[in-house]
Amino acid sequence: MILHQFNQPGVLDRHRQYLGKGDAILLIENAVFDHVLLDELEVAERYVLTTDLERRGLMLKSQAIQKLSVTEWVALAARAQQCISWS
Amino acid sequence: MILHQFNQPGVLDRHRQYLGKGDAILLIENAVFDHVLLDELEVAERYVLTTDLERRGLMLKSQAIQKLSVTEWVALAARAQQCISWS
Amino acid sequence: MKRLVFLIQTPMGASVEPQESLDAVLAGSAFANCALIFLGLGVTQLRRSERSDFRKDFNRGFRALSDFEIDDIFYCEAAARDHGLLDHELIVEARSLSPNAIRQQIIDAHAVMSF
Amino acid sequence: MKRLVFLIQTPMGASVEPQESLDAVLAGSAFANCALIFLGLGVTQLRRSERSDFRKDFNRGFRALSDFEIDDIFYCEAAARDHGLLDHELIVEARSLSPNAIRQQIIDAHAVMSF
Amino acid sequence: MQFSLLIQGSPTSSQSLYSAYEFANAALAQGHRIQRAFFYQDAVLIGNKLIATPQDEFDIQSAWQALGKAHQIPLVLCVASCLRRGILDDREAERFEKSATSIAETFEIGGLGQLIDASLESERLITFRP
Amino acid sequence: MQFSLLIQGSPTSSQSLYSAYEFANAALAQGHRIQRAFFYQDAVLIGNKLIATPQDEFDIQSAWQALGKAHQIPLVLCVASCLRRGILDDREAERFEKSATSIAETFEIGGLGQLIDASLESERLITFRP
């Protein structure tokens, strides 16, 4: 499993082609503005960092997306074979 | 006439709704990567800064877009009623 | 008094730019008739948030606007729609403007600053 | 030797980041088997340019790669297409990879650094 | 015509200080005046005297200093932006009990009032975004 | 597990130093180790001792210093990035004939070899982009 981290808005689409089945996507920082775009990326586990959502006053709408604490982020990174930061 | 300056790639689309007839668009810095997107914005005069194109090894394809020297940029800014920088 | 328009395009959250743009507006209010227009990703600054641990508390920052008698606070209706910004989420009283009306604000200003 | 993969996503031109990422790759070559993969806007770094007045001359920077025996220079074929990058414009010998092949490079690496 | 420049981007991660420099040069060559260059946000980093630019690179700091001197253009760094980023003159270093100053010559530290004044008193304000 | 962090973004124009700080804290709380935090590009600006953070704001520099001390994490600023941005220790200040030093305590200046070493010797490298 590869963990794909995004921290910028507007770049999810550019890098979706590198996603594989069973990979995980995590949106942090300003990438959380794109949380609605995760809906269609069913190939991967999809996460959004809770604290960064809260800092921006956002709430998740989709049931398919999970909120992640920083503690859970660390666990996800430890479980991943590789952690990639896209921007 | 409003001069609309863009210095980032990927944002032309976001701000095209503020363009008026007879306005001018100028792409500088990394916005010059979007020069092909100017084709459809026929409502405005369309310019790309020559030096920034050259720094990135790019060449214009469309006849409808004009290359601008920095000297011409200054003249365009002086002619404009207002100069706006979008990003 | 001359009219200054501040176009706010930076998203809420990652950088200190939202705060530094607000500082510029407050400074402007002493010398000019100031308007703030949030557009593009900038409309995200208008959404109230309960967590302000890293950056300065924005609820307080925005309250300062009325203390400085800056009432012309606008946002782009199209951008608000794009970002799902709802009326009841607004951190400050702001009026929506059409892209055309924003263009007119720009034309009528003495100068325009972008942030 | 362990394998390090450097993913280069920053566009050519405005910042010093292209140069600083190249420095990291050169440093890596002393200790690891290094691969460079240009993707997204990063493929624009591969286009030869005649004007390098502000930032360091990239033609020279890229020549250093072969001096350091870094031969695994790749770019994403899809990104090259998006940016109209043609073979004859390349500043350095580089091979195109499919998104799937790039994924495999990532999986096979000991570590991946993004720039 | 009288121009003022508002420059916002960092010397290293944006091109704004370079674009503004080229613009200012071209404007002066055409007989226009630059009333003031106001450096805001990360652009104030240009005023750090401790920067050691590699010898084979264009030295944008020296370029601005030379331009400012040759044409008597005030190069104003925003004080609030400077404090946050560690650009201090004698006065600020003393006020915040810091052990050194870091502002490079030809640059001066000033308040946001100078930006507002520039925008009101010059005929064109050009913003150079990060 | 042994983590290393590569941090690239500026303290003022990006969130990367904040995200990395939160990540490091959470990792340590779970019993993981942070082998090294390597500050590259604009992230080295965190090591400027002349920064005067406004009192009502979170002081990210002090937060990193406290974390580094409490857990003996080397906080390494890339030397080449530092020179370009005016972050100097005694040695570099002398070498480049600069009048002052600017590196804050707890941070150290090191070469890119330390980044490569961290990426090779730790089990996970996490990159915090600008």
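Note that the chains take the letters A, B, C, D, E and F in the order they are written out, and that residue 1 is the start of every chain.
We take it that a contact is a pair of C-beta atoms (placed from the backbone, for glycine too) under 8 Å apart; a residue touches a chain by one contact, two chains touch by 3 or more.
Just so it is clear, the model here is predicted, and its values are computed rather than measured.
Student: Through how few touching steps can chain D be joined to chain F?
Tutor: Between chain D and chain F, the shortest chain-hopping route counts 1.
Student: Name, by label, each chain that touches both members of the pair chain A and chain B.
Tutor: C, D
Student: So which chain is farthest from chain A, going by the mean of the CA atoms in each chain?
Tutor: Result for max centroid distance from chain A is chain E.
Student: Just send me the rotation angle from a CA overlay of chain E on chain F, rounded to the nearest 5 degrees.
Tutor: For the C-alpha superposition of chain E onto chain F, the angle is 180 degrees.
Student: Looking at CA centres, what chain is most distant from chain C?
Tutor: Relative to chain C, the chain with the farthest C-alpha centre is D.
Student: Rounded to a whole Å, what is the gap between the Cα centroids of chain B and chain D?
Tutor: 29
Student: Express in whole angstrom the distance between the two chain centres, defined as the mean CA positions of chain A and chain D.
Tutor: 25
Student: Approximately how many whole Å separate the CA-defined centres of chain C and chain D?
Tutor: Averaging C-alpha atoms per chain gives centres 40 Å apart.
Student: Give me the residues of chain F that touch two or more other chains.
Tutor: 12-15, 41, 54, 84, 125, 127, 129-130
Student: Can you list the chain C residues in contact with two or more other chains?
Tutor: Expected reply: 13-14, 16-17, 53-55, 111-112, 114.
Student: Hey, what residues on chain A touch two or more of the other chains?
Tutor: Within chain A, residues 7, 29-30, 51-52, 83-87 contact more than one other chain.
Student: Quick one: which chain pairs are touching?
Tutor: The complete list of chain pairs in contact reads A-C, A-D, A-F, B-C, B-D, B-E, C-E, C-F, D-E, D-F, E-F.
Student: Show which residues of chain F lie in contact with chain C when the two form their complex.
Tutor: 12-15, 18, 54, 56-58, 60
Student: Considering only the defined contacts, which chain C positions touch chain B in the complex?
Tutor: Interface residues on chain C, with respect to chain B: 7, 9, 39-40, 78, 99, 102-103, 106-107, 109, 111-112, 114.
Student: Per the contact definition, I'd like the list of chain B residues that touch chain C in the complex.
Tutor: The contact residues of chain B facing chain C are 2, 11, 14-15, 17-18, 20, 81-87.
Student: List the residues on chain B that touch chain E in their complex, please.
Tutor: 5, 7-8, 28-30, 51-52, 69-71, 73-75, 77-78, 80, 83-87
Student: Mind listing the chain C positions that touch chain E in their complex?
Tutor: Interface residues on the chain C side: 2, 4, 16-17, 20, 23-24, 27-28, 30-32, 110-115.
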